[in-house]
Structures are given as C-alpha cells and as structure tokens.
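What follows is a pair of complexes built around subunit A, which joins subunit B in one and subunit C in the other.
For the complex of A and B:
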C-alpha cells in the first residue's frame, strides 16, 4: 500500500509540476498583476483595488460580460441541443453512421482561425458568399454584421464548430445503452418518439450534464471567432470578455487591467460551473 | 511478487531517464576551461532584433547586408532574431528580452512610447556620447529621434509618410476631380457614393489613418500637434466629420467590422477610389493598380492650416544596448555593425527595396508614383508625428474603436476625447 502511494505520487509529479509552472503560478501572478497599473514590463505601480473599481464602472466590460453570458446561453442550448438531436437521428439509422459521424465531427479539426476567416468571407458585404448569391438572384446586398445581428452571426459558427464534439459524446453514450432495454420497450409497444423521451434521454442524462458543464465553461473562452469575424464590433455590439481582455492586455499594453478582466472571467467561469453542478446534481440518475 | 518486480522495473526505467537527462545537461563549464582563451576573446556573437522579416521586402536585403558584414569581419557571428512588426508581438519580445536581462545587442525598434520604458531604464546608449558611433550624413530625420531628456538613443533608417492614396483611373472614368481641397474631397465622396464604387476604402474600427487625417484636416498642423489632455476641439470635429461622411456613404457598408487589410483589398481590387494608408502600403498594391495610384496630402480646411502638411517621420531607429556597449568584447563589434548598417550606402539599399524615404542620401530612378510620394514629403510645410505614436496606446485604441459609435450617433467626437483623456 505504501509502495502504491509512492508510485502514485511519482506518476502525478510531472503533471503537477507542469500544472504548477504553467497554470498555478501564472494564475497567481495574474491575480497579483491585477492590483498594479502596469504594462507588464518597465512601468509598474501598485494601485490596490483601483482596477476592480474601474471594472465595475467600465461600460464596455459590463457590455462584454453580458454578451459573453448571452453567447453562453446560445451555446449551451444549441450546441448540446443540436448535438442531441443529431446523435439520436444517427443512432436510429442503419447505414451511413460512420459517414455522418465523420461529417459532423469534421469542424472540430478545423482551427478556429480558419473557421473565422471562412465566415468572414461568407458574411463580407461587398464580395461575401451570401451577398454574391443574393446579387446573382437579383436581390440587394445585405449588411450581415450589424449592431443588432452581430452576436447571433458570431454564435452561428461558434455553435456549428463544436456541435460535433458533443454529438460524439452523446452518440457514444447512446450506443452504450444495452439493447435489452429497447427490446423490452418494443414488446411494450413503445413509439419512436417515446423511445427517445422515455428511454434514451433519461439513460444518458449524466452525459448530457457533462456536456452542459463543458459548453457553459467553454463559452467563456470564446475568442478567436469573435476576434476574426467582427473584431467585437460594430460599435462593441459583439465584444466578449475574451476579446476585450486581449485588447487591453496586448493591444493597449494595459496588462494590469487585462489581468483584472481575466480574474473576472475565472470568477464567472467557476461560479457558473459550481451552479450548473449544483442544479444538475445526480440525485435521480438512472444507472444501468 | 509481481508488484515488487514492476516497481523495481519502474525505478530502473526512471534511473535511466535521469541519467539520460543528466547527460544532456550543460557541460559548458568544462568546455570553456579547455578552449583556446585568445581565440574565445576574439570571437564575438551579436544578437540583432529588427522588424525586417516576414513580408517586409527589406528582410532579404538586410540578410544580405549581415552576410557581407560577417564576410568582412569573420570573427563576428550574428544571430538575427528579426520578426515581422505586423502582429505587434515584436513589442512583447523586446520588452521580455529587456526585462529578463537578455536584451539584443543591436535592435531596430519603434522609437515611440514603446521605447520609453527601455530608455528610462538606461538599457540603451546615448548615441551622441557613444565612442566610435558615426552619426554623420543624417538629415533632419535624426533630430526627430531626440528623446525628451535631450539625448539621442536611436538612429533612423528610413522615413515614412501617410497620405490619401487615390486611384486616378477611377476618378477619370467617373469624371470626378482629384481631392486636392476639402470641398473637392467631399464632392468626390458624394459623386462616388452614387456609383458602384466605394469612395473611401476604410474600416471605422481599425481606423488609425482615418482618425489621424481627419484630425489634421479639421485642425491643421498646430492643432494636430496638441496633446490629448487639451481635448482639442479640432480633433473632436475631425471625429464628427468621419460620422458625417459615413452618413454620406463614404465608407464600405460593413466598415464597422472589417479590418484595414480587408478594406485595403477593396482599393486593391479597384472597388474603392481612395484609401488612407502609409508609404509601406505601396508594396501590397498590385502592380497593375499601382500605376494608376497617386498619393496626395490630406486636404486641410482648417483656418491657418495649409494643405501639404504630412503625417510621417521615422518612428523606428537603430538602438545599441548598454549591456553590449559596456562589454569590452562586444563594444567594437556592435559599434562597427551599427556604423555599417547606418552607412548611406546601406540605408539606400534597404530604402530601395521598400520604396521608403531614406534617412541619408536620396534614391534615384524611382517609379513615378513612389517618387511623387517622396516629393510630397520634400515639399511638405511640416512633417507631423502621428497622434498614435504620441499618446497612451490605450487612449488611442479607445478613440479609434469608438468611431463606429460616432458613426451610429451614440457618441460625439467630444465624448470620445473626454473618455480617452480620462485614461491618461
């Protein structure tokens, strides 16, 4: 037993060391920097809670937080929702499962930057794909990225690019359900829709919860698609915490304030993960 | 028993790894004691960081120059750590290098607010007092490098200018007068907006040069040189003019979300008639389009202002690090390399590749449109340092990223300036 502990420690040590150097220490340093007015290099002045006071008065930060939360809502509902529907549909077909699995998973392997560029060229007003189609059909060009629409337009590629990930998790969960359950239900005269609502979904609820937690916490990290497609605009209408933090820290050299925004992101992320886990606790889980 | 054996096996594997790691460790100490001391003193390695890399056409010439220097000075080896200025990561690299005591010996970097911390920390030498440094042959561009403490820390290589790039062919085809006055500029916007041609290829968010030039047009040189703390009314008026012109249809419909590169593409594809850019933009304009393009100074309507004043200067210069200069082994080599790279002959070779204005001498046999740009600078009443290089980066970002809100009517130029000034 004692020997086992030593081996466990030995195997955990590299991972712990790497986490300590590349995660815990920078995170601690990030919290320290948030109390400084600093460019991260030569100019550094301790300013106490001033960055936090500024954060609560900063209209752009408040707007970016609300946009991030809105985007999170879309991501949680549609990424997991669409993935569930697709997984149930693919599970119910006899041929072509591999084809659909590959097709739906494909966007995951494309880098976010490439997807961003792809959708930039789709939405572009003058020479974009959508407007070229409209012009060829005899319609006027449309400005796709307006103050009202920009967040939705960014949500579309965000949802599309990650649906495949949740689709695969859910499909694997569905495939794990023993056939006996379905056979027994068939004898009871279950319909296709009932099969999904009464059998499949209750049996994969714990996997769905995992997907939801991943989607919610992952939504806070959305950066490259917004940065490339809308640059947070027009007029900050699609600014999210990730893009605003990047702008402050790296474009403006305001590392101190950027670090404060990063702390806000971590606090929101942890709180939401905690809340999601609490509300979706596994009390009534069906196991098999 | 099996457990015990596997544990022993594991320990053995780990010991082998440890031995391997130890074998890979630095044994430089032993080597230096066994080497030839006299030879080691003579051999010098210099680290150079510049922005002449990536898509910068100067990169190739710079590499050639380094090779030539090494041939002439076989005891000097040079590590060229240049990287493109495009993504702004060069700033992070330089700052990280200097704060971690790993500074380059020679660097070609922004002599703007970006270098203030480095200069104030005494990390680079005052070139006028540095022994052996040759600053002869420079024109007024050298004076523009003088720091607020009266010392010279950077020697320029080439100068740049910003201006209004116009596609003369499109102006002729549509019977529109070139925008040599403010009235003609507004008339050109009006006339082009009635056609399929976009008047000005611009991003209202990535709007560095638009903001600079509109402030210049509204205030002339005197107001342009104001500080942000002044909350100059002409700057505010310039910002409001962007909103007014957006309403007239001056910019692309999606100007609030495209970046400068995307906007420039419209000009490159002859879908837009005008573009605010810097002299470096010549390199990216397709040859068949460039032959119809001319650069004009911003038409200034301000009272007392005169059209012809140009935004420009030399925002980058060669710096020698104090650490290299104070190192007896490196001092001569780094000064020699500095003098070699800033000699008139070599400055002209680099300027020739980029089409920029050389800090020493002048270029001959230039294409007509590029020569016209150089002439514009020569004839300029004054060459003004960009606002972007003078004020807090955070404040300028706020100004330029707020332009879409001015366009949508949510803010006025005055509101934006007040917000920006509060950041300083």
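For the complex of A and C:
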C-alpha cells in the first residue's frame, strides 16, 4: 500500500523510542556504571574491575547471593511442586473446580507490600496470628523471626503467594490434553496413578519447564517481601541480592557498586535460565 | 495398593525419585475409594483456607480498636468501629496515595496500550525488513529486570528534574511494560483473518482508520488482558516506586505501606486498615475480571 513505509515508521517510533531511551540504553549504561566508583552526582572515577573484585571480597554480597540461591531452590521446588499437586488434584474432582481456581489464584493480584505487612502481623511476637493460635492452644509464644529462621519466614509467603500462578498454568495444560488420549489409555488398561505418571506428566513437561524457568528468574527479583518483613535482618540473615542492591545504590549512595550488583543479578538469572533450558531440553515435544 | 511396586520402576534420578514418592502417595489415594476423594478435598480446602483466612483475619481486626486486636484477635469485633480507617485518612493520608497510585498506574496502562497497540499492529500485519530483528529484540527485553536499569534511570530522572513527579514512575514503567504488551497484542492480531484487512482496504480505509475501526475493536479482549496485567504490575511495583516517587505528595500506596510497616509498626489498627484498603479494591476487581486475568496468566506467561 502506498505510504506504508511512512506508516510503519510512524506507528513503531513512539514505542521503540521510549523503550530505547528508558530500557535499552539504561541496561547498557548500567554495565558501564559498574566500572566506575561513583555516587551518581559529582564524583565519578573509572576504576576498571575494582567493583567486581570488591564483590568477591564482600561477605554481605556473598551471603546475599547464597540466600538468593537458597530461596530460588525453595521456590523452584515448592512453588512448582505444590502447584503440580494441587493442579492434578483439582483436575481429578468434579465439584468446586471454579471455587478452587478462584481462591488459589487470588494472592497473585495482591501487592507484595500488602502481603509483607500481612505476614509481619502474622509473625508478630506479641499478638501475631501464629502466637495467638499457640496461646489459645496453651503453648508459649515463639519469636518467629530469628537469625536461623528468617530466610524460611520470607520463603513461606513468597511460595504461598505465587503457587496459584503456576497452578493455573499447569491446570490449563492438563485440561488441554485431548480426551481421546485418556480413552486410548483406558482401552490399554492404564488408569489412576499410572495414567498420571505415564500420560499426564510427560504431556505437560514443556509447561513444567516454563514454570521452572519463570520461578527461577522470578526468585532473583524477590524484593518486596524481604524489604517489608525483615529488611534483610536480623544480622543480614535474610539479605537477598535485591534488597542489598537497593541498600547499596540508594541508601549508601554507592551507585557504581549497586550497578555491579545488578549486573551480577542479570548474569546469574541468564545463566540459570539457560542451564534449566538445556538440562530439561525436551526432544520429543508434543503438540496436539 | 499394587501401585507401590510399580512406582519402583521410576526411581531413576533424584528429582524423579522425589516426584515418585509424592506420586505413589497420591496414587494410593487416586483409587476410587471415598476416602481418597475425601483426602483430596481436605487438602484443597486447607489450601484455600490458607489463602482466605489471613485476609479475613485482617479485615475483621480492622474494625476493632488496637487494644481489642491484642486481647481478642479471633472474635468478631465487639463494637465495630471505623476509627482505624479514619486514622488512615488523617495520619497517613491514604486517600492521597490512592489517588497517586491510580493516576500513575492508569497513565502507564494508557501509554502502554496506545503505543504498544500501534506497534503491535505493524508488527503483526505488515511486512518490512527489520521485522525479524525487532521481534528478537522484544523477546530479549523481557529478560531485563528493573534492577538492571534502575541506576541509570534514576540518574536520568535527576538530570531531567523529574524525580518525585508522576512522570518519574510513568515513563520507566511504560518502557518496561511495552515489550510484553507488543508481543502479546501482536500475537493476537496475527490471528485476525486476512479478509477483514482486505475488506477495509477495499472500503478505502487508511492504515490509521484500519487500526482504529477494525483491529482495535476486534482485539479489545487482549487489550483488556494486557491492560489488567500492566495495571497490577504497576500498582504493586514497590522497588521502582521507592526509588523514583518516594516523597509524601507523590508516593503511591505500596510506598505508603512500607512506611506504615517501619513507622507505625505498633499501631495494629492502622496496619490492618491500611492492608484492607490496599487489598479490597484489587480483590473486587479480580472477582470481576477473573476470566480475563486467568487467560492472560496462561497465554501471556512470557513475563516472570
């Protein structure tokens, strides 16, 4: 059509211009910044790999990385695992499917900040939900957020709030399996539990892989819940990369070092997503 | 119970072993016995209680004075009061934060859908040389987390003197959501039959009116889905908001919540009211837009 080239340019320009200036340019600029010692304003000095060397000597950064990886492990196993179990269960029942879909999914829409505040109330020592239940049952109050427990205590709301998302993806995948697959299996005498391990799970492997990749990359972005429930404490025991990066760049004014931590997060995220993809490569993908 | 023996065959790797343990456990319960069904329903109901109960608890307590929350946390409010909600408006000005949130997140949705929709139309329906490259760029940009752009964005906003104005949040969030919006909307537009496009060409439509009169109306459902998700991501994004719009007169509701937790951590009444007020509009919205949201979660599962 006449004038199409102009239309193409005109329609694409605003979107790609905004993304280029406020997404792609900052992404590369961030990598550049990670080689500077800068507070973002007046002092800016090129220091080569020094920020990266500092990273490997910074015990808090190493601890935060380990905590992030530990959280990632819990998230990958329990979010996807619980979601799979719940999805298989909901698929096997006749009544109340609608109700369970609704109630399982809705924590997703609530902001991490509100969930964080909710869990500070639940863990509260004096009159938190958990301690009140204990007292009513005749037990002593417990300090829930200690150096030993704090990471688990932020893992629980993280897992709980996102199970519904993976539940829905897996359930949709299971429901997409054509009925004749099951009928054929029935003729072969495959039912119940075997039907699940030999038919359902192999057929949804690629969806499970998507869930795992999403869970792993998502775990690196954990920020809200930790920031609100524990602020990384007590004594840095629940510090993760997201909260530490925020603290360094915006509380301590170490902009350059904050950028370095952000680069570390991207590198870990990309390599783990790549590894997951390679290890779970599905040679025999199914399409209906 | 003969499943137990068979499950032994699957113990290959450690990960599978773990699955198999679970499965053999479940398998026993999948037999048609009534006990099995009862067990399944019990688990499902326990999980839904875990999602409903904490919110119900907060909601009930938000109508009690702080003292009663401490003494009688599980009872219905003896003398229901709106004092906590009034406090939320007086001491922390939650109304202002509400307004800020809706102005900023609403603008992000508008700009993302408008610019994203135009770009998606071109990506889906027109042929040009750079198309493949742009498509790859869009997919890759889904992997960029907010952490990796925030430092330069913050400096740019300082240079532009936009920090602590609405634009400081609107622009970067729009930029961050555009790739997702373009990919999902163009995926939908690509499925619209060619005949529709040809018919509108015959009628002498320009590309612009083809977009506004044909493609926009036909694609409204996907605009709804994308808009809903973009709104929720923007409304719930604490990290970017903390950095760019932290000051009192512009701060959105999530930033206010994080202040409440650090400054009013002992005023339980205020905390419960603040949680209830943040969560209730979203839940009501969810119950109405449930189908749209669920469709988006499963079809647009490209962004983590």
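The rule is simple: the second predicted complex is superposed on the first by the 265 of 288 C-alpha atoms of A that agree within 3 Å, B and C clash if a C-alpha of one lies under 4 Å from a C-alpha of the other, contacts with A are read in each partner's own complex, and residues count from 1 in each chain.
As a working rule, contacts are C-beta pairs under 8 Å (C-beta built on N, C-alpha and C of every residue); 3 or more make two chains touch, one makes a residue touch a chain.
For clarity, every value in this text was computed on a predicted model and none was experimentally measured.
J.: Between subunit B (first) and subunit C (second), which, if any, makes contact with A:39: first, second, both or neither?
T.: Touch partner of A:39: subunit B, not subunit C.
J.: Go through the superposed model and pick first if A:132 touches only subunit B, second if only subunit C, both, or neither.
T.: So A:132 only meets subunit C here.
J.: Touch test for A:143: subunit B only (first), subunit C only (second), both, or neither?
T.: A:143 contacts subunit B only, not subunit C.
J.: Touching A:7 in the superposition: subunit B (first), subunit C (second), both, neither?
T.: Both partners, subunit B and subunit C.
J.: Check the residue A:275 against both partner chains and state whether it touches subunit B (first), subunit C (second), both, or neither.
T.: The answer is neither, since A:275 touches no partner chain.
J.: In the superposed model, does subunit B or subunit C contact more residues of subunit A?
T.: Counting contacted residues of subunit A, the larger count belongs to C.
J.: Have a look at where A:250 lands relative to subunit B and subunit C in the superposition and call it first, second, both or neither.
T.: both
J.: For A:62, is the partner it touches subunit B (first), subunit C (second), both, or none of the two (neither)?
T.: Touch partners of A:62: none, neither subunit B nor subunit C.
J.: Looking at the overlay, does A:100 come into contact with subunit B only (first), subunit C only (second), both, or neither?
T.: A:100 sits against subunit C, while subunit B stays out of touch.
J.: If you lay the two complexes on top of each other, which residues of subunit A touch subunit B in one and subunit C in the other?
T.: 3, 7, 40-41, 120, 126-127, 231, 250
J.: Okay, in this complex, where on subunit A does subunit B touch?
T.: Listed in rising order, the residues of subunit A that touch subunit B are 3, 7, 10, 39-43, 120, 123-127, 141, 143-145, 147, 150, 229-236, 247-248, 250-254.
J.: Which residues of subunit B touch subunit A once you look at their complex with the stated criterion?
T.: So the residues of subunit B touching subunit A come out as 3-4, 7, 10, 14, 88, 91-92, 95-96, 98-99, 116-118, 120-121, 198, 204-206, 252-254, 256-259, 262, 266, 269, 271, 393-394, 397, 401, 404-405, 407-408, 410.
J.: Which subunit C residues qualify as touching subunit A in the complex?
T.: Interface residues on subunit C, with respect to subunit A: 3, 6-7, 10, 19-20, 22-24, 26-28, 30-31, 37, 40-41, 43-44, 47-48, 50-52, 54-55, 57-58, 69-70, 73-74, 111, 115-116, 118-119, 121-123, 126, 128, 134, 137, 141, 143-156, 158, 171-172, 174-176, 178-179, 182, 201, 207-208, 211, 232, 235-236, 238-239, 242-243, 253-254, 257-258, 260-262, 265, 268, 271-272, 274-275, 278-279, 282-283, 285-287, 290, 293-294, 297-298, 301, 304.
J.: What part of subunit A is in contact with subunit C in the complex they form?
T.: 1, 3-5, 7-8, 11-12, 14-16, 18-19, 21-27, 29-30, 33, 40-41, 81, 85-86, 88-90, 92-93, 96, 99-114, 116-118, 120-122, 126-127, 129, 132, 136, 160, 163-165, 168-169, 172, 192-194, 196-197, 201, 210, 213-214, 217-218, 220-221, 223-224, 227-228, 231, 241-242, 245-246, 249-250, 255, 258-259, 261-263, 265-266, 269-270, 273
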